[in-house]
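Got a structure for you, written out below as structure tokens; questions coming shortly.
To keep things simple, chains are lettered A, B, C and D as they appear, and every chain counts its residues starting from 1.
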Amino acid sequence: MSIQVKFFASLREQLQIDEIQIQADQAGTVMQVWQQATNSQAIPANLLCAINMEYVGLEHAVVDGDEVAFFPPVTGG
Amino acid sequence: MSIQVKFFASLREQLQIDEIQIQADQAGTVMQVWQQATNSQAIPANLLCAINMEYVGLEHAVVDGDEVAFFPPVTGG
Amino acid sequence: MVVQIRNEPFDAYAEVQIMQDSLEQQGKFGATSVFVGTMRDFNEDESVQSMFLEHYPGMTEKYLTQISQQAKQNWPIIDSLIIHRVGQIEPGDSIVLVAVWAAHRAAAYDANRYLMEELKSRAPFWKKEQLNDGQRWVEKNTPS
Amino acid sequence: MVVQIRNEPFDAYAEVQIMQDSLEQQGKFGATSVFVGTMRDFNEDESVQSMFLEHYPGMTEKYLTQISQQAKQNWPIIDSLIIHRVGQIEPGDSIVLVAVWAAHRAAAYDANRYLMEELKSRAPFWKKEQLNDGQRWVEKNTPS
């Protein structure tokens, strides 16, 4: 299973990861994607997550080919 | 006592009076101005009144030199 | 704070830009709320050819100035602009423009809507519509 | 229904006029509500020199399209326009434009504010401010 993982804004700078592709043997959750992609760093307060550009929670299931994104609270407008 | 009286919009057309100056011997109310200016025609529902370009009620006192205006509900904007 | 009554068509968005460029507090406003009322070519299921907008000269300006001052007291706004057409108006013409500049959006939105609701409910303007088969006074404005 | 992300400065009121001129339903809209967010030269008591606006390409357009469709379901509106800047932004530049056309004012006002609140709370954009002595990420938007 191959998952594309993206980080944005202050989170991208803190983790020093822009984008990473991870491989997993079995289906998992967004939380497990975070742990694998960040080497189990602590989850920031107010972390936002999306799968394929739709907001989801940390317990949401991830399937092969998904794009998972992590980012801080948004500040547009 | 001299009072300038103005009528607007549909009311002006119905009464066929644009503007009229009336004389009165003693102080009165907006209601009395209406009666004198219109020969005591019935007061329309939703009649609006102003003295010197400020909204007032029919019982408001009128003094010499006032401009009194009568008009229907407003429909600007 | 600007209030204007116009006898001729005006370009609403150009007017907003002109006033904005003249504001002293450049860099201070983060939020601008603009409302434009435009003449439609139908009303109450009837086609409307044109419209005559009558007003009470003097009282309209006085009233619109009062509500502009009230808006400035009620909300932290930087400036406001009201332009209202009178006279003969064609479909597609701008009838009314209300613009409010503020640091933040809540004040801009709230003050703009306050000005429009006060204008609609109390400013002494009256519309007479020219229909295919005659004319009629618009009897009242909708409350919101 | 138009949603655009722009890398370059845009003239907000000219954009409203261009979209308005292109609407098929000329003579049908009586109310236009426009909101423009502009970059200020200070924030949280500090002078801001410029700003970088990052976004999530693809998700921003998808999200803004979703809320535009939702607005059209929730209110009787004729059309809507959202333009949002990204990249390097200077004080006085327009950041966001939301415009809504409707027959009547309540729908125009309500849908416009809905779009701005949804955009502010959920659209994936992030601001980084350049101050006199360094830079900082804006941590959160105000709720109204």
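To be clear about the criterion, a contact is a pair of C-beta atoms (placed from the backbone, for glycine too) under 8 Å apart; a residue touches a chain by one contact, two chains touch by 3 or more.
Keep in mind that this is a model prediction, so the values were computed, not measured.
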Greatest centre-to-centre gap (Cα means) from chain C is with chain A
Separation of the C-alpha centres, chain A versus chain D, in whole Å, is 27
Between chain C and chain D, the Cα-mean centres are separated in Å by 23
The distance between the C-alpha centres of chain A and chain C, rounded to whole Å, is 48
Chain A residues touching 2+ other chains are 77
Among all residues of chain D, those touching at least two other chains are 37, 105, 116, 120
Listing every touching pair of chains gives A-D, B-C, C-D
Per the touch rule, the chain A residues reaching chain D in their complex are 6, 8-10, 46, 48, 50, 53-55, 69, 71-77
Chain D residues touching chain A in their complex are 37, 53-56, 58-60, 62-63, 84, 95-96, 116, 119-128, 137-141
Residue positions on chain C within touch of chain D in the complex are 13-14, 16-17, 26-42, 91-92, 103-106, 108-109, 113, 116, 120, 142, 144
